[in-house]
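Next up, some structures in structure tokens.
Each of the two complexes below includes chain A, the first together with chain B, the second together with chain C.
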Partner chain A sequence: MSKTEDLEFPFCDDANKYEKLAKIGQGTFGEVFKARDRKTKQIVAMKKVLMENEKEGFPITALREIKILQLLKNDNVVNLVEICRTRATPYNRFKSTFYLIFEFCEHDLAGLLSNANVKFSLGEIKKVMQQLINGLYFIHSNKILHRDMKAANILITKSGVLKLADFGLARAFSISSKGAGRYTNRVVTLWYRPPELLLGDRNYGPPIDMWGAGCIMAEMWTRTPIMQGKTEQHQLQLISQLCGSITVEVWPGVEKLEFFGTMELAQGQKRKVKDRLKAYIKDQYALDMLDKLLTLDPSKRIDSDNSLNHDFFWTDPMPCDLSNMLSKHTTSMFEYLAPPRRRGPIAPNPNQRPVQNPDQHFERVF
Partner chain B sequence: MGDSEAKVHFHVVRFIHEAGMKLHLKSIPLSTASLIYHMFFQKNSLREFDPYLIATTALYLSGKTEEAHVKLRDVINVCYRTLHKTKPPLEMGELFWALRDSVSNCELFILRMLQFRVMLDHPHKYLLHYLKFIRDWFEPYKWDNLPITRTAWAILRDSYHGSVSLHYPAEHVAIAVLYLTFESLGVEPPHTNVCRSPWWKVFAEDVTLERIKSIIIEITKTYELEDSVS
Partner chain C sequence: MAGNFWQSSHYHQWLLDKQDLAREQQHDLKIVTEEEYQKIMIFFANFIQAIGEHLKVRQQVIATATVYLKRFYARNSLKSIDPWLMAPTCIFLASKVEEFGLISNSRLITTCQTVVKNKFSHAYPQEYPFRISNVLECEFYLLEMMDCCLVLYHPYRDLTQYCADLPSTEGDKILPLAWRIANDSLRTDVSLLYPPYLIALACLHIACVIDQKDLKQWFAELSVDTEKILEITRQILSLYELWKNYDEKAEIITILRKMPKPKSCPSPPPNQGTNNQDGAQQSQNQQQTQQQQT
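The block that comes next holds the complex of A and B.
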């Protein structure tokens, strides 16, 4: 055993080279810390790889995340710096822990949106959305699905650069392979989950991330997730109330999805995406793009390429830099650190929900 | 690498392929497993590590990285059976748990050694693309009567007994495999004599005849090795 302790591994640095400063989040497979490189003083985020109860060795989800992040190098995708490990000692029963080391981003979108002092102008909202969709365009053209789009997974640096993060559920997809039952449909946080996943589609693709982008886009104005379902059934009901009934007419082929017969689907609902959101969103182009993102039929939902060409991004006010606005805020805003308003399941009755940020001008939409 | 070491690696890669086929792994995971194995022994010595443990772990790991996950239990049972053909199958017990622990520890060790760089570019997709392309140059009946695809695929698979794919870009290996296929079948792509540039220039601008030849020499060495071991 002592031989194990003294072994030097030239191939993988000791996590001890970083000094942990604070816990800043909870990823899909482990805790996230803010840390500082003891030598270079560079600030990083460390994501712990949970290894306990792993009968199958190194978790395949972590391996996927590493593989995907090594492949995806883009301004709008979080940058993986390296992978570190702790020393094997008798205290950890000679099992070392692995950490993914990321460049540090000061904020996440959920944290920013939950702070009423953070105000986005229309041009700034456009910049956020443009970078978000640009990131999706990049990962989708590399045949990767994110599968966990939500405001908390959208990081923003203090200089205003947006980064897609948490690829813990991401995986590669292929366009050509046929046959159902290929991927699990138990992905994506419920409030951001598109109707095809709720109906049991296992042969999905990039449109699932575009739906999430639509939910996030609406949230830029409403400041709170627009469809906060309590169960999968409830989520479908909320979707129908906003996007209209799910029928074969608006979505040919939906009847072939596994849960189409078993899930209760509201009939006779009209589509009111624009109607219900126009109270918050005055810009016609924004409403139009949102309408196209929140399309029920995934094959008709707008893709990242066409979104980037949408008039929303090419009309005045044009997308503008975020660094000015963000420079007013010197503390990090992470959902994890924010008051508990947005975390965890929401209160069952909307009326009993505590009033959050009393000085906030925004009302809940739904 | 000494000749005797090359022979050991030849046998172990054959073991990887045999066990991998039994586990229903396809070309890409099998190729990844072989390359992980070769990468490991480029940095480490056979005197310090048991090649069959490394091979078993490489198989298991490649299943994960290539989205063709196989259960650790199955990998261990199949590899044990492949290695000990005359012994009775592995019983659930101390030996099984010990083997399972060594493979999962070894997996972490290999990952660290590779610095988690598990994305490998294999020549397969390039070869497939080139084959589809070049087929259209041939007269259909001529192409159908020649086992070009089968031969090329077999040569590529065999090349993993050595580590040629570690040393050259995947496109170049694919071209060399195709070149060797034509040579061994004694055919030339149509109009070779009248074309101003050779056929392989179409596929990769930066490849040279010299490069192709040196890849082919490395591949044929594996066949010479086969003659000397069997």
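The block that comes next holds the complex of A and C.
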């Protein structure tokens, strides 16, 4: 086909307008860099679109992330500034690389939680959760599922604004289901994966993100993921140990899920969400909301709208601004850059964090 | 996907005005007449429709692909990228964006070959020349040219809603006809110029006239820009006017011969696989095997 000489590209800017400063993460479909606009000096995050599968062309996951982020503009959703590309030259076989340019956020929640010097008061925890659930309320009402809730995908700016990030696995859903078997259940990082996905549900909806919100909420106190399964089977076991046995009595219809017969499900387990977490969490409203988020049956799990109305957010101490607390910390905290987190108190499992930073570089940001 | 048209890139970046269109097309219009240009765009919309139907994709995918094609040539000369290549590329991308799934590479190319051979040999007597590596490269240009504005709003959803809103059961009766008119509207520029809800109303309007249904009262109660609806109506009607005395099968080859073309065309399908070789080298080869008349 014709070379680019006849084509002018008036749209996407050249990625070269940004100067890469450091690698700060690994997203679902590409590396993430901190970068600076050479002209305006604005700091941004650049996410490279990996073109791994040549046959796929421009990856579906990247297309989804782009179209979803162009659709979702909200304070609690990461802001896509623009899309850039590198120039096509003989060196890259005339194939340019695309970058998604995001507003820069100084921290991610996993990074903050792994730093023992970062202490959240109850009011601050409420503010984190309120923003997180507000973000979910917004995306769910736009008929989008995040599908990769985890602390590392929750960004927080230095002024304390929380942003849901990494929509690489997100997709649109419809309520008018024409039957099961529509979406892949191989989504969500194992430790945050809800029981319906582990049991092979392919017709899931917003409750999958609410389960993740519950896992993250508990983590605000435990400081480490509460259920660190090694396999899908093990994850289900940990869930049963915390939330009680998965049975038709507590979850009518569960028997219809694909793997209900094949997965081993612990019998006779009592539900001990409140019991086991009260060692960390003193606030009764917090325990109650957590109990409702970590409900086994997705149809009974609390949704984002009702969560926002929960007494947890409307009793003293009220949610309070994070900027004061964060101003004490002048270093960016990203999970990618942090040392492995301490052993988990609930699931004492010293095993691997999913991704380790090969060269532990820390970097000052302001 | 839901979402709000008024906040979309479709509304903010991709509602053009007539002057915009005229400016971008003026180069091509030195070579072909306005009517010929229109016939070329109709022809390639038909080509997209044929590929889409052969691949059994939903009409939504075909509609999106057709608008992608229009967007590309609204900003570029026909000679920048051969529409014979751009058409399947638009289908390939639209199928991914509309969540219809990935179309297998070989199936896409085989389909193009089959469709060209069986349905478009009057316009393209040779074998379909493009390979998947061309499509994948072209996809980049298409994405970039659209500034990655992927989500489109079509008149179909609005049309369904308006019809549901019509008095008694009028809606059920009028919807199929209005829907077909909406399909036809993809052969005009209205999707580049007007928001989808106005296009839907214009289609409904035409359908009412054809079916002799009196919905004046209903239209009068809408608080919309009737002047715009009439503009759209006129553009769609002028398409029907054009079709009256137009034999595409007989005339299109002459028009395509005149059509501005890329400097280089792909080499004939090689014996080796479809791997993407060094771009520059490939392009040189192509220049030597250039076969089209100028």
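Quick notes
We take it that the second predicted complex is superposed on the first by the 329 of 366 C-alpha atoms of A that agree within 3 Å, B and C clash if a C-alpha of one lies under 4 Å from a C-alpha of the other, contacts with A are read in each partner's own complex, and residues count from 1 in each chain.
In this text, a residue touches a chain if its C-beta (ideal position, glycine included) is under 8 Å from a C-beta of that chain, and two chains touch if they have at least 3 such contacts.
This one's a predicted model, so the numbers in the text were calculated from it and none came from an experiment.
Chain B and chain C, once both complexes are superposed via chain A, clash.
Of the two partner chains placed around the shared chain by superposition, neither chain B nor chain C is touched by A:133. In the superposition on chain A, A:144 contacts chain C only, with no contact to chain B. Legend: residue contacts after superposition of the two complexes on their common chain; A:56 is shown touching both chain B and chain C.
Set against each other, chain B and chain C touch different numbers of residues in chain A, with C touching more. Residue contacts after overlaying the shared chain place A:73 against chain C, while chain B stays out of touching range. Of the two partner chains placed around the shared chain by superposition, neither chain B nor chain C is touched by A:294.
Using the contact criterion defined above for the overlaid structures, shared-chain residue A:277 touches neither chain B nor chain C, since it reaches no partner.
In the three-chain superposition model, chain A touches both chain B and chain C at residues 9, 11-12, 54-58, 60, 63, 66-67, 70-71, 83, 85, 96, 98, 171-172.
For chain C in complex with chain A, the residues that touch the partner chain are 1-3, 7-9, 75-77, 79-82, 85, 92-93, 96-97, 99, 102, 104-105, 130, 132, 134-141, 143-151, 262-264, 266, 276, 278-280, 283, 286.
Listed in rising order, the residues of chain A touching chain C in the complex are 1-4, 6-12, 54-58, 60, 63, 66-68, 70-71, 73, 83, 85, 88, 90, 93-96, 98, 142-144, 171-172. Contacts from chain B toward chain A in the complex involve residues 60, 64-65, 67, 69, 71-72, 103-104, 107-108, 111-119.
On chain A, the positions that touch chain B within their shared complex are 9, 11-12, 54-58, 60, 63, 66-67, 70-71, 82-83, 85, 96, 98, 171-172.
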